[in-house]
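Dropping a structure here in structure tokens format, bear with me for questions.
Here the chain labels run A, B, C and D in written order, and each chain numbers its own residues starting at 1.
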Amino acid sequence: MILILKTGATESQIAHVIERVEALGMRAHLSRGTYRTIVGIIGDENKVREEPLRAIPGVEAVVPVLPPYKLASLDAHPEPSVVDVSGVKIGGGNLAMIAGPCSVEDEPRMYRIAESVRDAGANIFRGGAYKPRTSPYAFQGLGEDGLKLLRDVGAAYAMPVVTEVTDVRCVEVVAEYADMIQVGARNMQNFVLLTEIGKTNRPVLLKRGMSATVTDLLMSAEYVLSQGNSNVVLCERGIKSFDTATRNLFDVAAVPLVQTLSHLPIIVDPSHATGRPDLIPACALAGLAAGADGVHIEVHDCPEVAKSDGPQALLPSQYRELCDRMRQMAELLGKQISPLPKALA
Amino acid sequence: MILILKTGATESQIAHVIERVEALGMRAHLSRGTYRTIVGIIGDENKVREEPLRAIPGVEAVVPVLPPYKLASLDAHPEPSVVDVSGVKIGGGNLAMIAGPCSVEDEPRMYRIAESVRDAGANIFRGGAYKPRTSPYAFQGLGEDGLKLLRDVGAAYAMPVVTEVTDVRCVEVVAEYADMIQVGARNMQNFVLLTEIGKTNRPVLLKRGMSATVTDLLMSAEYVLSQGNSNVVLCERGIKSFDTATRNLFDVAAVPLVQTLSHLPIIVDPSHATGRPDLIPACALAGLAAGADGVHIEVHDCPEVAKSDGPQALLPSQYRELCDRMRQMAELLGKQISPLPKALA
Amino acid sequence: MILILKTGATESQIAHVIERVEALGMRAHLSRGTYRTIVGIIGDENKVREEPLRAIPGVEAVVPVLPPYKLASLDAHPEPSVVDVSGVKIGGGNLAMIAGPCSVEDEPRMYRIAESVRDAGANIFRGGAYKPRTSPYAFQGLGEDGLKLLRDVGAAYAMPVVTEVTDVRCVEVVAEYADMIQVGARNMQNFVLLTEIGKTNRPVLLKRGMSATVTDLLMSAEYVLSQGNSNVVLCERGIKSFDTATRNLFDVAAVPLVQTLSHLPIIVDPSHATGRPDLIPACALAGLAAGADGVHIEVHDCPEVAKSDGPQALLPSQYRELCDRMRQMAELLGKQISPLPKALA
Amino acid sequence: MILILKTGATESQIAHVIERVEALGMRAHLSRGTYRTIVGIIGDENKVREEPLRAIPGVEAVVPVLPPYKLASLDAHPEPSVVDVSGVKIGGGNLAMIAGPCSVEDEPRMYRIAESVRDAGANIFRGGAYKPRTSPYAFQGLGEDGLKLLRDVGAAYAMPVVTEVTDVRCVEVVAEYADMIQVGARNMQNFVLLTEIGKTNRPVLLKRGMSATVTDLLMSAEYVLSQGNSNVVLCERGIKSFDTATRNLFDVAAVPLVQTLSHLPIIVDPSHATGRPDLIPACALAGLAAGADGVHIEVHDCPEVAKSDGPQALLPSQYRELCDRMRQMAELLGKQISPLPKALA
């Protein structure tokens, strides 16, 4: 860390700064410039916190030189990680194709959609049993019944399933039924939830919060990793912006940016990023071209009766057409869509 | 609600739209303009959801004419609500002065800070026992021991106390020790937590999320209200912006805006909004001038050793000086700082 | 347009609204809902402005049903436009590859860079002679000498050239030397400049402002088009965001979004969008995959001595490698990089 | 400046960095930490630019230690500046009350509005003769006729006048008729315009751009100051945000922030910041409470026929009531509304 002192910091302030740094077990290296004095802190930066240093009188700014995450960083693991979701690999050239309805709905519909997305090329089936809804009066999901149905549908087509957990008290039951646990954007900084999920060994799909920086996202991944669960897949799904023409702003540059900082796989979710079916195909292809390790897309066979997020769902026929184009793109990039396992364990 | 149909919507699409609207128990009122056809939906808008309507073929946009919240709206309660926190009133001309350290720390320090802020003019004491920290390696709070200490300190000075709950499993214990439960910005859309808190009868301090619109904030209040707990106080504490000179962007206009939409009291938190002690007094006064029902400020007697958020804390002497100015401002505005109760019940 | 009246709008307010609408030569179509009254305005929406209607007592909101631009819209021109820049086509499957240094610098360097980017695959050469710099103390460009040099270099390699104009008094001289005139992000709403450029017949490269919505961008294009110059190429170059890890936020979804609204070609500029050479290739490919009609990239053979924007420039060798990948991507998408003209006219 | 080198920067890269720094006439001070090497640059930071340093191989980040502006900084002028607009003082405890219609309109209306705002307490009259409109089809202002009328109205009531200039070719004529020249938000980074205005001796009202940081705003002021014109008054008028409930987001904290960085006066414009008459009074008072040196408000006697921005104008009666409250606020703060001059020179 580097401390930039204020113009006119007094000698006794400088002495106090050095004293505080040394009290923390570090060495201070003073550099007196023409206008400002700079204090380099030498030692294990991870042992000191930025905040108390900024509160020392005479300190103007604290500049960290290391990222605040460790296990998520490329330093900790220089090769890209590959996460295995019940036989479907994500990362290292293996692409996840996650598809399904926003919510788990009635049984025949679930089988119908699952069959159509599997035939199109999807390798992981999604559906929400617990729905975080902005309105307390909206459909909140089928709960455990939804989890069971989701698992049965997945088993029928040998597709691993992913579903969201919103309540720390449901982590166990979700981990029992699902192959992969999703943390939604609104819970990306629900640290209690992240910690409990970190104690399971289930692969995690961690969605970026709507106002989270890439650093924030990696810090949330660090919560899961620090509990011993290293199977984290990140997901860019759009952030807040002043232009409300699309539901969120798809930050495609986050994909290569994460890859310069972390070994964790990162996929994209153009359904939530844009909220508009007519923009999803272009953004899905853009995500792959930018280097994403997979694409998450909502598919529904009758959006106008969907229990949630209907307007942003692709029809099965649209998804099939997009899969064909994504397959060509994968080939151009020298990647493969991960094959389905023979059967789920 | 109003449906705007696409240019070139066909007659059979229009017929299908009308059919769908009537199937929902509403009446459709058609208006054919020069360029577009508009469908007014007549009936109880709250019975229809926007989403499925947007997914009907031929529909370009859905324009709601009512706000999505009910209990939080001025329609439900045209007079400003007054929330009573163990004898301290908030709203309707009564100002809350919430102050204290970010985290509950050691006992002597807590008594020292509480005494100083009470003497300055604070009427509610704050301190975090469960801290939502971006880093898993940072101080996470003292937990239940912290809650007990906070309650004891409050009792000693006859100040009600407020503390944050981050884990749905801790709602009960927090409700037992604290006079008011805080929902932090990162949990504003933790709907599971909001629902559980709504089942208690404790006053709630609901902080605006960093990327939440005012409508989002009111929808989160609606979650609490819909469970039967009507003691909700909103808090503007800064939102995300492209200018990172301050920690967040203090949206002071949210105060009068909320007052045109809702009866719930709203206070401001210039500590989190700016993250800079030198800007806190100006923003606290601005908040009051804009009509806020109180001010939440972090105070610490030695910021450089604070366990969290030290750099944004005021010193007790700075807080005292600010309280004097806030008292004058209150007088100008015809409001009063709520007096402390004789003793806590 | 649709007027949504306030709850409790009086009969005399409603009558006044209708009177005002009819005074504007339109017909009003009243629709009384359960909660609100809606007034549909029938007639040529372009003849009425939204603002005065919103100021009528009793009116809560005005909802336009047509986009505010006309000549830029797909309604005016349903097929994608193709812009011809001295023989290089942009749009309709023809890709622009614009490359060159940020500023026009010394002569040998300009020839060197031009040769390298032409050999790599670029078809338009760029360089700034007038530089809009945040600091009045920074290099402001070579002015007319720079323009001449740029033209000569372009002629030597049969590449059309594009350069920015920042001063309305220089439009004429820039139009004389350059094949295409660039309007920079900071001048996107310099309406005086847009109007003057609209009076020339030079192709225009119109960059999106840092806080401009896609609608704002199309309105700025409308300024140029309304003066009779229909040769406008839009450029997505990143917008402001709370995450400052990249210089701007690359809004790749703006590409397909523009294509649902307008016939104008749109290219991407990953150099300014990211400000980081290590992210440029991924974003360039993402832009093409999303459907962009070209890519604008800054190239410099010695970034550490560049007179401006050095840190975001690719080296010629990096650009060559990227061009190879872009060529493959173009082929996959069924598009072609526009060939260079035999010679410039 | 401080250079943070990349992990694993080689010795030859370090040597090259030092060589480059010394070639720029500065000294390099090396500090080898446990993880990173830091290079402090000693000498006049203003002589080196950040950009080329960031482009040197092995450099990860460049941290400036001085602000990029000089003349606008408190270092250059530690006392608050007072700007004199034809006898009306702004800054140093003197408040500007700028009011008038958005556009200069017909003569009787202008006299009527001017009289009403002067009687209410305004001390500078505003009106736009050249209007920067998003749409090329909207009213563009009366031009030089409008300037003359504005001057005559001001003279009749002994009020200095302020009006916007949008075209560099009109700077001279605007400086002739107006007492103060306004640079609008969309032109805040029109550096050509700023430079020409800097060559006049007219006071300047410089509005913050919608996506400008406070540093950007001060850099634009620096453009004017660097040409010799030191009469710059800054204006906070709202910035872009994801919450579109208000037209812009009123950044009230920018007022005290600017005061920690610069000697220039800063006023607020709640009309443009909120775009809603019902929020203007609260935000005007908040601005004063935060320390602003004045308030800019649009007033129109019949908003529904205003040629521009009608919906955000206060009625004369509303403005009068607000002035009474602002006067009380000024008294509380120990400031005065600058008195009108006896007559204009």
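Observations
To be clear about the criterion, a residue touches a chain if its C-beta (ideal position, glycine included) is under 8 Å from a C-beta of that chain, and two chains touch if they have at least 3 such contacts.
Fair warning: this is a prediction, and the values are worked out from it, not measured in the lab.
Looking at which of A-D and A-B shares more C-beta pairs in contact, the answer is the pair A-B.
Taking each chain's centre as the mean of its C-alpha atoms, the one that lies farthest from the centre of chain A is D.
One inter-chain figure worth recording: chain A and chain B are separated by 27 Å, centre to centre, where each centre is the mean of the chain's CA atoms.
If you average the CA atoms of chain A and of chain D, the two centres end up 40 Å from each other.
The set of chain D residues touching two or more other chains comprises 211, 239-242, 244. Residue ranges on chain A touching chain D, taken from their complex, read 2, 4, 7, 29, 31-36, 38, 40-45, 63, 65-66, 75, 240-242, 244.
Listed in rising order, the residues of chain A touching chain B in the complex are 20, 46, 49, 51-57, 68-69, 132-138, 166-169, 186-187, 189-192, 195, 209-211, 216, 219, 222-223, 226, 239-240, 303-306, 308-311, 313.
By the touch rule above, chain B contacts chain D in their complex via residues 211, 213-215, 239-246, 249-253, 255-257, 260, 273-274, 278-279, 282-283, 285-291, 328-329, 332.
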